[in-house]
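Labels run A, B and C following the written order; every chain starts at residue 1.
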Amino acid sequence: METEAIISIDQVTKRYGAFTALNAVTAQIRKGEFFSLLGPSGCGKTTLLRMIAGFDEPTEGTITIAGAPMAGIPPNLRPTNMVFQSYAIFPHLNVNENVAYGLKRLRLGREEERRRVGEALALVELGGLGARNGSELSGGQRQRVALARALVLRPKVLLLDEPLSALDKKLREQMQVELRKLQRAIGITFVLVTHDQYEALAMSDRIAVMFNGKIAQIDAPQDIYQRPASTQVADFLGGMNFLTTAGTTMNGGTVSATAPGFGQISCAVPAGAGASTGNIVFGIRPERLRLVWESAEPAKLAAKVVNRHYFGDVTHLVVRVDGQENELTLVEANNFGADDLPEGAPVRIDHDDAAFVAMLKPD
Amino acid sequence: MRLSRAASFPLFAYAILFLVFLYLPVLLLPLFSFNASATPSLPLAGFTLDWYKSLGSNATLHRAAWNSLIVAIATAIISTILGMCAARAMTRYKFRGMAIASGLIMAPLILPEIIIAVSLLIVLLGMGLPLSLVTITLGHVLFCTPYAISVLVSGFEGFDPSLEEAGRDLGDTAFDTLRRITIPVLFPAILSSMLVSFTISIDEFMLAFFLGGNEPTLPVYIWGQLRFAAKLPAVLALGSIMLLGSLLLLTLAEIVRRRAARNISTSAN
Amino acid sequence: MRISSAARLLSNPGLRGWLTISPPFLYALLLLAGPILVVIAHSFWTQDYLTVDRTFTLANYRTALTEPLYLDLLGRSLFVSAVVSVVTVVLAYPIAYFISFHGGRNKGLWLFVITVPFWSGYLLRILSWKVILGYGGVLNTGLMWAGAITEPIASLLYNINAVIITLAHTWVVFAILPIYVSLEKMDRTLLEAAADLGDNALRRFLRITLPLTLPGVTAALLIVMIPTVGDFVTPRIVGGTDGIMIANAIQVQFGRAANWPLGAALSIVTMIAVSVMAGAFVLALRMFRSAMR
């Protein structure tokens, strides 16, 4: 589904004095997609979003939105609108006035303006609250007003700066679903900044994972989770068992090695790997390892329980496999008694041969 | 902390005594301004409004009052504008040299006033500026801006920078954002800064004394009257009126400030 | 590309900060820092009637530092401002403590009530002390009326005590605010921790509250000490000849005597002297603080 880019970020660098917040970042955001910038705090994701909005200018490089270069264009003249982390609901205006704020400048006439405000409020399911004061709204309602206020201007791109981080867990999960549905329904490009990997995975068409001012990988959620390009990406998006291996060889698009306990494993060469195999690391996600309870059933490797962590629905078992340097973690639903396994208990483990992943280790 | 109630009683008693010490001298002025005796002494001689009536026909006094009003209004406006710049920079940006810049701007709070007064006098006369209401205002702005800043900083601290960014993002120019967001949201702080600067300016003596030339303000006029013992009751009457005026203005400033604080605290949820 | 390079410059937060603060900063630079430099320059010049001679000389400083009259006035001014600042801090601390710890929901109201007299007119407050302390004033006539004394006490007004009382009354509010702020900033769980570790109320105050609020006490001392040294109105109205201070001499140099360079030198000497004294107080408080550990 290769479609045209609505935002082109080309070799963008941002320096604050000696500190480099963004380092030659290049990315294309496609028209109509839900795009997330994911990374730990200080990785540059918010800086990038603010440069797209026009609150910051790149030190080097260019940003193009809908074909027009944005250098020197102030935020009020850009075809983007933003939902701020604090929501920035104007405290001296009521909900209707907040939503109509940007419309005033368009001089639509009172009827048309009222109609569009009503539409926008209905879209975010806030109909009937128009006369409420900005200071009388709950967190979720403020978030919806901020959304309506931006969408009412029909921007080409909606920018969202950690819009759910101020909400409690239940509400956050509900809003994730609603935002995704809303984006699908109106078809506007959304660019979301978040540090929460589950949020990014649940909502996005594509995710850019950022570390230290650089984009480490851009991919669809499943690809990025199942085939992380680097150990850093793998680590940031949940648990990963890094394996001790020997005799790594590359053959076309495939890289193979011998992992003690696992035998011969092979998978696709990670993107960006050179001819050398020295910085390639193999791993497997904890949920791709499975306990085998029936002794009659075949299993691929034997291990001993070292430790276990109980989470209610699942138990994380830490096991030791002979020949593996690291202890391995596996996730088991609390259905067959994984939460009762004592320390030192021998277990048998199975896995899918296609579940391994090869990643680059940053040097 | 139920214990603290009992433990706090001596402190409470002290606080009350302290208030008496603070207020008694101030309240004597209105008391003796209604006293039918030319010298303020006990026992009281009887009630009279003569001293107030004598103010009504005093042309020099009216001129001084008018001067004070002009200077105080100009000072309130200019100090508040300068104060907004400083308060914004102090709360919004971190930059090299900020401590020096804000230290200099706030210095009049702690410098002996006479130093400010004589140095301004030397420079203004040296530049050939005649002493007038303008020179008083220049001095008062210098002196009032730190107070304006301390009032405005609390306003800016509760002011989310995203509000202005949201204004820009929704299509406003920088000037429109100032007009539609910054000033309305900060209005209570701005008003209370103007009231505070106005009150300080009306009351300020030393700068007005040195920089006023032949244009006395109210305090300078009062200073001139102090030489004549017979004028004392009329001065007390004038002082009582000024006291009442500043009290009203300050109460107003406090109410505005509190309402603003309440708005900010509810919108923070 | 010119627009974009300007925009790039403007997105530099340091530059934006400087631009924002520049109007009040330039104002203070032009009307405060500049003039003070001019005063310093004047103090090294001489004046003959209306003409200023700009050859460098230390004569003004020699006069300021050797003339017994000026040394007397300076010494008295420093004494008065030191006493006033210590007295106001001692008076102010319990009030600040009371408001901060026991003010409850009325903290704002208490602060307001305490600051109101400060706004009641500088001259008028001084005047009311003259009315109270005068020979035929409220205190004397009141006491006689009540039969406590038969003759007015002459020594109430026109001396250094009257100056100190009046200045303390004027400035005590300025001492309350910084102490109050430092008390408010203090983490109250520290007191619970100290209690938990066995300290009684007095020891908690001496070992936790007082050391942690010493910055506020220092600020209060300075904020009272430095300005009071330059007051000439209070001494003129309630001080009499024994209560005259250095600022009165400075005022005379810039008024009737019209000797600006000497006035400038007296101002500079006063500023330096009060700064040195303030520095000594700050050091003493620091030493006290480390001794409290």
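Here is the rule we go by: contacts are C-beta pairs under 8 Å (C-beta built on N, C-alpha and C of every residue); 3 or more make two chains touch, one makes a residue touch a chain.
In this text, all values refer to a predicted model and were calculated from it rather than measured experimentally.
With every chain reduced to the mean of its CA atoms, the largest distance from chain B is reached by A. Among the chain pairings, B-C comes first (most C-beta pairs in contact). In whole angstrom, the spacing between the mean C-alpha positions of chain A and chain C is 58.
With centres defined as mean CA coordinates, chain B is found 54 Å away from chain A.
The distance from the centre of chain B to the centre of chain C, with each centre set as the mean of the Cα atoms, comes to 18 Å.
Residue positions 13-14 of chain C each touch two or more of the other chains.
For chain B, residues touching at least two other chains: there are none. Residues of chain A found to touch two or more other chains are 55, 74. Chain C contributes residues 13-18, 20-25, 27-29, 31-36, 38-39, 42, 91, 94-95, 97-99, 101-102, 108, 110, 112-114, 116-117, 119-125, 127-129, 131-132, 136-138, 140-142, 145, 169, 172-173, 201, 222-223, 226-233, 237, 247, 250-251, 254, 260, 263-264, 267, 270-271, 274 to its touches with chain B in the complex. For chain A in complex with chain B, the residues that touch the partner chain are 53-55, 74-76, 80-82, 84-92, 101-102, 105, 134-136, 139, 149-150, 153.
On chain B, the positions that touch chain C within their shared complex are 4, 7-8, 11-12, 14-15, 18-19, 21-23, 25-26, 28-29, 32, 39-43, 81-83, 85-86, 88-90, 92-98, 101-102, 104-105, 107-116, 118-123, 126, 138-139, 141-142, 145, 149, 199-200, 203-206, 210, 219, 222-223, 226, 232, 235-236, 239, 242-243, 246-247, 250, 254, 258.
By the touch criterion given at the top, residues 160, 162-163, 165-174, 176, 180-181, 184-185, 187, 263-264, 266-267, 269 of chain B touch chain A in their complex.
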